[in-house]
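You will see two complexes here that share chain A, one where it goes with chain B and one where it goes with chain C.
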Partner chain A sequence: MNSYYLVNLLIFAGVDIIACLALNLQFGVSGVVNFSFIIFQAAGAYAAAILSMPPDTAPDFSFQTYVGGYQLAFPLPWIGGALAGALLAVPVGLVALRKLRSDYQAIALLVTSIIANTVINNARPLLNGAAGVANVPQPLSDQLNVSIQTYQFLYVGVTAICVAIVWFLAARIVNSPYGRTLRAMRENETAVAALGKNPTALKMTIFIVGGAIAGLSGAILVGFLQVWAPSTWLYPETIILFAAVIVGGRGNNVGAILGALLVPLGFEEVTRLLGRMNIGPPTLIPALEWVCIGLLILGFLWFRPKGVVPEQRRVFPGAPAVEEETRWVVGKGAR
Partner chain B sequence: MSLLIAAFGFGLVSMSVIALAAVGFTMQFGITNMINLAYGEVMITSAFFAYYLNQAHLSIWIAMLGGAAFGAVFSFLINRFVYAPFQRRGTVLIYMVIVSLAVSLMIANVMLPIVGYFSVSYRERFSLLLHLGSIALTINQIAIIALAVAVMLAVHALLRYTRLGKAMRATAANPMLARNCGIPTQRVIDLVWLITGALCGFAGVVAALDSDSFTIASGAGFLITALAAAVLGGAGQPYGAMIGAVIIGLVTELSAAVWSPDYKQVVAFVILVLVMVLRPQGLLARRGALAAAG
Partner chain C sequence: MPVSEPMLGARDIHRHFEGMHAVDGVSIEVMPGRITGLIGPNGAGKSTFMAVLAGTLPASSGSIVFQGEDITRLPAYQRARRGLVRTFQLPSEFGQLTVLENLLVAAPDNRGESLLGALLGKRYWMPDEMRLVEQARGLLKRFGMSAKESDYAASLSGGQKRLVEIMRALMLRPRLLLLDEPMSGVHPSIVNEIAGYLEQLRDDGLTLLMVEHELHMVERLCDPVVVMAEGKVIGRGSMAALRQEREVVDAYLVG
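On to the complex of A and B.
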């Protein structure tokens, strides 16, 4: 029981870290406010589910309806999940990121997230509607002849490897010339365009990379939970991740990881503990949790907009000293 | 054919509801430069306020005024204590969107334990059905249409023929210049929040009445249709929002008649996507009503 709980916690930590790293690349590093982030995680989860499940005519699966069902071997569903996230990012990005002003982009993406959920919720033949897909096979669980406990720790290990790969990748992106261009775009899009960079192309690439990573996080999650339904990817889930990146320190991978551990995970834990104490009606604690997430966002944007671990100033050797206030101030920039 | 005519009747009701919601939303954006994503939640909160008045044996039409007053005060307070301080700090627009989303989340979840998950209805939800050819509308629905027309005319009169309307348009066009001309922009903006808040509360009660039963979760849906109409018409422009409401109201009801009512919001969304791809500035390309003449 206890070890199951620990495993649960570690997997969620891993998934949240991966998701926050991806969101940090988009929101923190590039300034793309992706309010539809969670749909990319959902796309990855659904893709991984249908790639690993048998067709819905199979005996144990006939209580649900879904497209596909390919029974692919282990790494393929996860790769498929990442691919699905990346593929979904293409049309969404083409609509939202091309012509619109940044605040329009944000609301367009938010609406996309809400509508995508409505569609999947109502269109039952596609992915089993509101009930969602269940009985998703755990990767390699039938090939590996180990106890449940060992299997769970193996799962944690694989998740940790994925976290390490994503972290490495994110660090490479942040520190590369490409990452520098992304940061420049975040600070001043017009200036970047004037230097011959194409902001739309930059946004599209990071949107797709982030989408792929989000898809991977969904695939990891669904392989462990074995269920995935529209109620698990409502738009407020994206806001939690935003809160995590804002609290941790946007534009900063370490900040994103810290945020992932503090906000989604920390809150989950606190609510669970409070939930045991039976305070008030059952809806009270989860509702208060959301209120706290809102307060956390407002509080950090007001008191500490750079987060717990502020992004480091990157200074070229020999560059003239710049006043601290002139960069990465929330108040800077034209609308 | 008669199905389509009947759907047209419902379209008239829908567009009235959407117009009420969208005009307030778009005016907030046009004049105060604030994309207020908490708008849908303020709507539903006002609808619940009216619900409690209604439960206390007030007629829904009086409760509606109560809802509007609640919406006005609530919006004013949100602006005073959250948005305005952040704006004064010079928070960029995109962070203001995040702030309003956080506010939206907080309102919904403060309300949840208070009003519960369950769907509720106003006492007057059933009313007499009138037939006009193939169009069958209840007295409530006809009243909603009449109210919406009256409110639209009032907004038009406010913007066009009053000093306050002129001051609002000036503030929308260029706040700095307006201030230099002696317009008390701060007071104008406070009034804008009160007026648009009243519209928001009013729209919330009307939308709740129109949808028979409602829950606290209905707020997100209200927001999407208002957003779609406002963006379609060109954000920040009341007349654009009215046109947007007409189009979205008609198209969603017609699609519900020929396809499925489950996808009303999806149809609104498809319109939104088309506008964003083909004409991101909205139907009224120039800044219309809210910009200074010339």
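On to the complex of A and C.
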């Protein structure tokens, strides 16, 4: 195993963990079925790309066309990526989350994801269309005078710091009274409104927060890959992240992290290894991957809806003891 | 507020569903310090009317005045913040939250309940949290539910879920409590218990408006009683007086 492969794995792990923590806040904790999640990662990636690239008239870049090109220094493109995710969440949320019932919200968001991808894919002047943007400069690679290998490990370090920050923030949200209100909204939105909470405001806020985190994950990814195209953010990518949160454990940040490591990363690796064995036609393994993701979601929803690491019961100091047999209601209460 | 002023006045409330007149010109006044009953056969529009009062459904036309303020256009959450709090006909507990958490969610004044407050961390909101835990435990004790504090609300019996809903509403310190069939789906042995709690709440000065099918409970608790049928009010007064009215008896009280 060479070091590039290891670095690649670690960066993807970090990006997937960040994305799953954001999706867990929206879907796992708040019950917002954000089937357009991946477009917020994409917004962050594109924003970080055009904030760090020179204008498309520059030599080396003129083979593509895109708006902007501001050559901002790190960490501005990453901050811009997070902002782009948050800003995109405002119009999408206002359309999808206000008047529609939650099942229709999910459909509206799925359709939004498909529309966004189609538009970017076909409107070439905007972000270079289907070919996508390439040669995205790596953060600080000009300023840091280090070997490629050292740079890569530095990148892993910075990604790890981002994971830690996002985890810290997500934990504060989930474990607070605010997080409790979000969980209550997931359980019964009408009842939450009857208790003086504004469900639209709650949903919009968590949509924007999740959008910002997703945008950051996209910025991290594009800075490493140096390319970003519509084919990397098709709507099924969202389904993989949903599978991760469901398998890991809805509502539990540890579960989201575990899910990120098991599903997107685990599947990628298994597929890659199987691909080497030359089983069947070349399209067989990727197709089987999708079958497996579907079966995984169904299997967990059917047999273990709370996931590998279920949401924790919150017991307050001084509470009377909970009977042993009811401490973990694993597998019960399928919804 | 003088006793003669109604706490809530609804005038000529209509609610249509695609041409179906679920509520067809209902006017009522709810006087403070009493339990007003709302009865009528299935499909009379009682629950729809309650939902319109609470803001869960908007009124098609008509006006609602609560404590002197026109609240007709306010969304449900803003009515709740003003002290007009409802419960639901179907159990609406937060199933995957504990009983204590169900109560804490309803508390209106917790510093940790905004995104910013949450991000500022435990030290910022813990004092509020501990105060509210104490308040919630007081309610649990009063309603005999202390032992269930850390149970998931989904695991409770029908009667216990009703109690959780009432306690949850009380966490908001409401002025007027709208109860939609608080005895339905409740074991008969607990019906009396719930009735006792409601009497206590009334004696504490809380005003209640209650939809209920158990007529002997309505007779015990409610005065006055409003009778609805087919979206209209067809009678009002004490339960004893209503039993004498031909139209009311025909519509509902037969048998």
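Here is the rule we go by: the second predicted complex is superposed on the first by the 313 of 335 C-alpha atoms of A that agree within 3 Å, B and C clash if a C-alpha of one lies under 4 Å from a C-alpha of the other, contacts with A are read in each partner's own complex, and residues count from 1 in each chain.
Methods note: a residue touches a chain if its C-beta (ideal position, glycine included) is under 8 Å from a C-beta of that chain, and two chains touch if they have at least 3 such contacts.
From a predicted model like this one, the values you see are computed outputs, not experimental measurements.
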One more residue to check, A:T283. First (chain B), second (chain C), both or neither? first
Does the superposition put A:I173 against chain B (first), chain C (second), both, or neither? second
Which of chain B and chain C A:I148 touches, first, second, both or neither: neither
Could you say whether A:T205 touches chain B, chain C, both of them, or neither, answering first, second, both or neither? second
Touch count on chain A, higher of chain B and chain C: B
Is A:I114 touching anything from chain B or chain C once the two structures are fitted on A? First, second, both or neither. first
State whether A:L298 touches chain B only (first), chain C only (second), both chains, or neither. first
Once the two structures are fitted together, what part of chain A is touched by chain B and by chain C alike? 333
Can you list the chain A residues touching chain B in their complex? 31, 33, 35, 95-96, 98-100, 102-104, 106-108, 110-112, 114-115, 118-119, 122, 235-236, 239, 242-243, 246, 280-281, 283-284, 286-291, 293-295, 297-298, 301-302, 305, 330-333, 335
Counting only contacts in the complex, chain C reaches chain A at residues 54, 56, 75-78, 80-81, 85-88, 92-98, 100-102, 104-106, 108, 110, 112-115, 117-119, 121-122, 125, 128-129, 133, 146-147, 149-152, 154-155, 168-169, 171-172
Can you tell me which positions in chain B touch chain A when the two form their complex? 33, 35, 37, 82, 85-86, 89-99, 101-103, 105-106, 108-110, 112-113, 116-117, 220, 224, 227-228, 231, 235, 262-263, 265-266, 269, 272-273, 276-277, 280
Touching residues on chain A, where the partner in the complex is chain C: 169, 172-173, 175-181, 183-184, 186-188, 190-199, 205, 209, 251, 311, 313-316, 319-320, 322, 326, 329, 333
